[in-house]
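Chain nomenclature is as follows: A, B, C and D, assigned in order of appearance, with residue numbering initiated at 1 for each chain independently.
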Amino acid sequence: MEMPVLAAAVVPIFAANPFTDPVGVIHYLVVGAVLFTAGIACMTLKRNALGVLMGIELVLNGANMNFVAFSSPYLRADGAPTLGLDGQVIALFVILLAAAEAAVALAITLNFYNNHATVDVDRADDLKG
Amino acid sequence: MEIFHVGNTVMGGSALMLDTLLPFAASVPSQHVSLPFGAVVLAGINWHSVLFLLFAALTCAFAIGVVAADNVVRMALYLVFSLGSAAGLFFLAGAEFIGAMQLMIYVGGTLVLLVFGVMLTAQAPFVSIKPSSSDKTLAAVAGASLLALLLTAVFSVDAWLAPGAGVVPPPSATPLGMALVGVRVDDSPVGAPSTGRSGYMLPFEIVSVHLLVVLVGAAYLARAKRRKTPRAIDALASSEPFAGRAAVSGAVQVTGARAAGGSSSALVGGGR
Amino acid sequence: MADFLIGLGLPGWLAWTVAALVAAVLILNVIAGGALAFIWAERKIAARIQDRLGPTRTGGRFGWLQSLADGIKLLAKEDLMPEGADGLLFRLAPYVSFCASFCAFIALPFAFDVVGQRLNVGVFFVVAVLGLEVFGVILAGYASASKWSLFGAMREAAQVVSYEVPLGMCVVVPVMLAGTMDLVTIAEKQAGWFTNWYLFHDPFTFVVFWVYVTCAVASVNRAPFDLAEAESELVAGFHTEYSGLRWSFFFMAEYGSMFLVSALAAVLFMGGWNGPVPVATILGLSEGTGDTAAYLVRLIGLANLIGKATLGVLAMMWIRWTLPRLRIDQVMTTCLKYCTPIAAVMFAGAMLWQLFLPAGLLPGWRRPPGEVREGWLEGPGGSAVGHGVPVSGIGPASRDVLATRSPR
Amino acid sequence: MAHLIDDDPRIIEFDVRTDEMLVNMGPQHPSTHGVLRLVLRTDGEIVSETEPHIGYLHRCAEKIGENVSPRQWIPYTDRLDYLAAMNMNLGWALTVEKLMRHEVSEKARHLRVLIAELNRIASHLVGMGAYGLDLGTFSPFLYAFREREKILDLFEEACGARLTYSYLTVGGATADLPSGWLQKCEAFLDQFEPVIKEYHALLTTNAIFVKRTAGIGLLSREMAIDYGCSGPVLRGSGVDQDMRRDGESIYTGMYDGYAFEVAVQKDGRYPRDHTYPTVPSEAILGDCWHRFFVRMLEVVQSMDLVRQAIDRYAACREPLGEPLKLSEKLPIGDAYLETEAPKGQMGFYVVGNGTSIPWRVRARSSSFSNLSVTHALCRGCLIADVPAIVGSLDIVMGEIDR
């Protein structure tokens, strides 16, 4: 059921000339989805604590992409409702909190490194029962 | 009111620089549709779309690069490129302030990541903690499924599939700034003045305090532990009358260096 | 120009591409050509400061072709890479540095309307992008597989990240006075005599300017803050292992950044393209009096801004050839214990001044600022921006008009 | 002083678990004054161990000295401290003269003082300029060289060489000064005197310079003596010792009647302190700043001595006297003499066996002893301080490696 829907949706997109047609929300959402997926994959795959952190940044950025897309009036047909300023403000807060999160995560990583001499998250199993 | 009717700038994109120097350029009138980042639709080519495709491709490619790379420093570099291109996308969406913010904070924060990557792997420059290939396969499968799911969801809303109109007021950071201090001056989504909507004063303050807390917290977590250690300068401390002063200056020098090399970069960078 | 090309019969997309490329190449030339000129100037200035002659022969008199000759030599040099280096990053690093320096020029106005891309967050953009230059340095330091390079890179990271804080605070002061982050508007607000410059706006801005100068010198790694390449300590710091053209890219990035921060100082504090004496106004030229007049006004503005920026660059050279280098902890102390608090206090001071003495001590001496502010505070009814009070650049009201007017 | 309690020197901060790094500074490094190789063990920017590796410039100078006659070895002494070749010539010549109990004429004595002190100025100028270079400022280096060039011009006129003079030799000097030389020398001194103020402005009192040198590389009085330091390094630590005053009579006799005060801090002040910039409050006796300052004072002191020597030399009516012949037999016996070279006490040892060729020749280099404190001084300092400290010792590798 889903795949035909997807195909039906995707085909017109590919049929359209990307060089002439204006960009819509959907374009940004696709980019956001790719970023999100890459982030999730990064978080699960990497054993390096810094890699995990980078995955988180990617995920947050993917979310941000959606917020900005929904807030932007350029990407909507004339008069269509947008998130307006709220989307931008939320994106802003996400960026700020991501910075804060990165600072704390780095501090934790640093402490972890001090205790274990590695940044391999698989070694963080001290609390395993 | 102080208004500068310089709006022509917005339309010509980067081609303007020469235009302003060449008087003859102004002679031929033409019709363009205003789009953010100065892109124009002309003779069928939508430069806004082209730039979007460019930045989107870069963003996605480098995001995948982050996943694929094994070396932390390379990962960080790809992340920087990905986030930088994403900032370009924000500019294209008319969120210039968010874009600049992304460049400044996110990319700056990643800079610190990069530095840490270098520092924590310095003992063997190109050491990498590699995931096994089975993990990689699993991640690829899971990632592909997740992407398919997300894309399905994305394409399932008809309203999102509509192309953008492109003609709207040029971006300005002022409404955003005003909203952060509690005054909403922007249009409501449907076009009517939105008198009832509140600004973001309180969240803004909360985030500020949050940042401060994080700054202090990170400083505490990564703080320097002091330890008493005999040093060469102690030999001086016991014998000479001037040694007291000598020792003091020596200590200033050493602690200063410590702060410079390690923790302060983390603090300043992370806290921004 | 694109229109001109269309007039010649070129297809539109090609015309715009060509026009955009020409503009990009122009900015590139500002950096590359500027770097050539500045390197020559630096050699001559250093020589004169040190009782030498500097280059005298290449290109006839004054050795004015020396930089070009050096450039050709660098082109011909072998592109070496250390054995243990991370090849990709090593090759990429100079370009990252250069691109960051180059990109920041996009938003820099050279004269009224002579700007690659006018951004309403211009200041923010320039400062943010300028901060990216450090990536190239860190990558170079890391990828060189040399300990000296690594030292240089780590120093640079700590230094640049720290100095961005006071630099940002300094930049915020003119932004606050102008009420916009648009560089064009900021410069435009200082039009007229030099007394209108934000440098002389109030005592706080005067102090802030000098803090900005300090931080700018530090953020572009010039002596006495040139720790990343500290010759006597780290051999050549982050670019120890580089040779030939790649090395020269670092060099161009450095000179590009120097010019950029100087130009930014000119725009933020010294009236941008508005000269100390409003020559154009005295001559009766203005944007409105015709194409030729507008052209002349811009030319004068261009000369003004480039002159000021060059002055800034020359001052940096002067400092470099006079002062010893600070130590890394002293550099950090300068930033964290002096620049940051001073900038913060001056920011608060300028803010209070703006609140209580908006007209300045000598009303009439300066144009009273603050017209736009009244517009902002019309209330949350959404009227300020949406309905006729464009704060930065154009509002929708003018948009419709513009759609029918030709781009200039 | 309350705020200083936090900065207890015995407390080092430890935050990140760090690995030590072994870094080679030199032999090809811009600030190691020739071919010195320092192996630094560092923790980040902090140096925990500095090990000088020497010998890159070894050329068997002493062994050569045992195969040629003393006058033939003079050119080899030029190459010991090539920045102060005259002083090297003088040290060796005096040592051989001590062995032979030879006394030079009055005129030769004043000529030697004149030339040796002039070369001391030249040597300290290089030391000063190169020190500025170590701290990252290029211009004083060229200002120093500009003045040094004038001294070299004078030397060139006197002996034909600009670096390796072989001018002062056993039994006097190879030739008398040409006519008009004294006037040129005086003209130089008059012109040079105000230039010193510029040096003080650019370096000695420069805020950044003071920050980089004051309190850095502290060498205590005891340590300086224990390590056998000499010259400005020793006096910079407050030890009142100068071979020109405290040496053996054959050397101090040369300076008989000359008025000079040893440039050392006594009771908290330097001689003629009032004419010089005051000592900054951050500076501690024995740090890099004091070593540098002592050199600057010695430049003026040497200028004074040169002026006095010019007068005395001009007053001498007797001839200069011929240097000893190459074939002159050395008596059986040995002699050791230390002279005050610009870098410190330069000692020569010679054993004669009745032939014209010495049986044993040995040189005691001041730079060698001065360099030996590097390890002690650099422990716990920053990488940036290593050039500052090594530069303040003002070593010359030619003298160390011999």
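Heads up, the rule we're going with is that contacts are C-beta pairs under 8 Å (C-beta built on N, C-alpha and C of every residue); 3 or more make two chains touch, one makes a residue touch a chain.
This one's a predicted model, so the numbers in the text were calculated from it and none came from an experiment.
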_Chain at the geometric heart of the assembly (C-alpha centres)_ = C
*Sort the other chains by how far their Cα centres are from that of subunit B and give me the top one.*
D
*Between subunit A and subunit D, centroid-to-centroid distance (C-alpha), Å*: 66
*How big is the gap, in whole Å, between where the Cα atoms of subunit A centre and where those of subunit B centre?*
13
_Suppose each chain is reduced to the average of its Cα coordinates; what separation in Å results between subunit B and subunit C?_
20
*Find the geometric centre of each of subunit C and subunit D from their Cα atoms only, then give the gap between the two centres in Å, rounded to an integer.*
47
*asked:* Give the residues of subunit D touching no fewer than two other chains, as numbers and ranges.
replied: 15-16, 44-45, 382, 385
_Which positions in subunit B are in touch with at least two other chains?_
44-45, 97, 101, 112, 119, 122, 175, 184, 186-188, 222, 253, 257, 259-261, 269, 272
*For subunit C, jot down the residues that touch at least 2 other chains.*
154-155, 327-330
*Would you tell me which residues of subunit B are touching subunit C in their complex?*
1-34, 37-38, 40, 42-45, 47, 71, 73-74, 77, 80, 84, 96-97, 99-101, 103-104, 107-108, 111-112, 114-115, 118-119, 122, 125-126, 169-175, 178, 183-188, 193-195, 197, 199, 253, 256-257, 259-261, 264-265, 268-269, 272
*subunit D-touching residues of subunit C, taken from the complex the two chains share*: 46, 49-52, 147-148, 151, 154-155, 223-224, 226-227, 230-235, 321-330
*Across the complex, what residues on subunit A touch subunit B?*
2, 5-6, 9-10, 12-13, 16, 18-31, 33-42, 44-48, 50-51, 53-55, 57-58, 61, 64-65, 68-69, 71-85, 88-89, 91-93, 95-104, 106-111, 113, 118-120
_Show me the residue ranges of subunit B that touch subunit A in the complex, using the header's touch definition._
35-36, 41, 44-46, 48-50, 52-53, 56, 59-60, 63-64, 66-67, 72, 75-76, 79, 82-83, 86, 89-90, 92-95, 97-98, 101-102, 105-106, 109-110, 112-113, 116-117, 120-121, 128-131, 135-136, 139-140, 142-143, 146-148, 150-152, 154-156, 159-168, 175-176, 179-180, 184, 186-191, 200, 203, 207, 210-211, 214-215, 217-219, 221-222, 266-267, 269-272
_Looking at the complex, which residues from subunit D come into contact with subunit C?_
21, 23, 29-31, 44-45, 132-139, 142-143, 146, 202-203, 206, 208-209, 211-212, 382-387
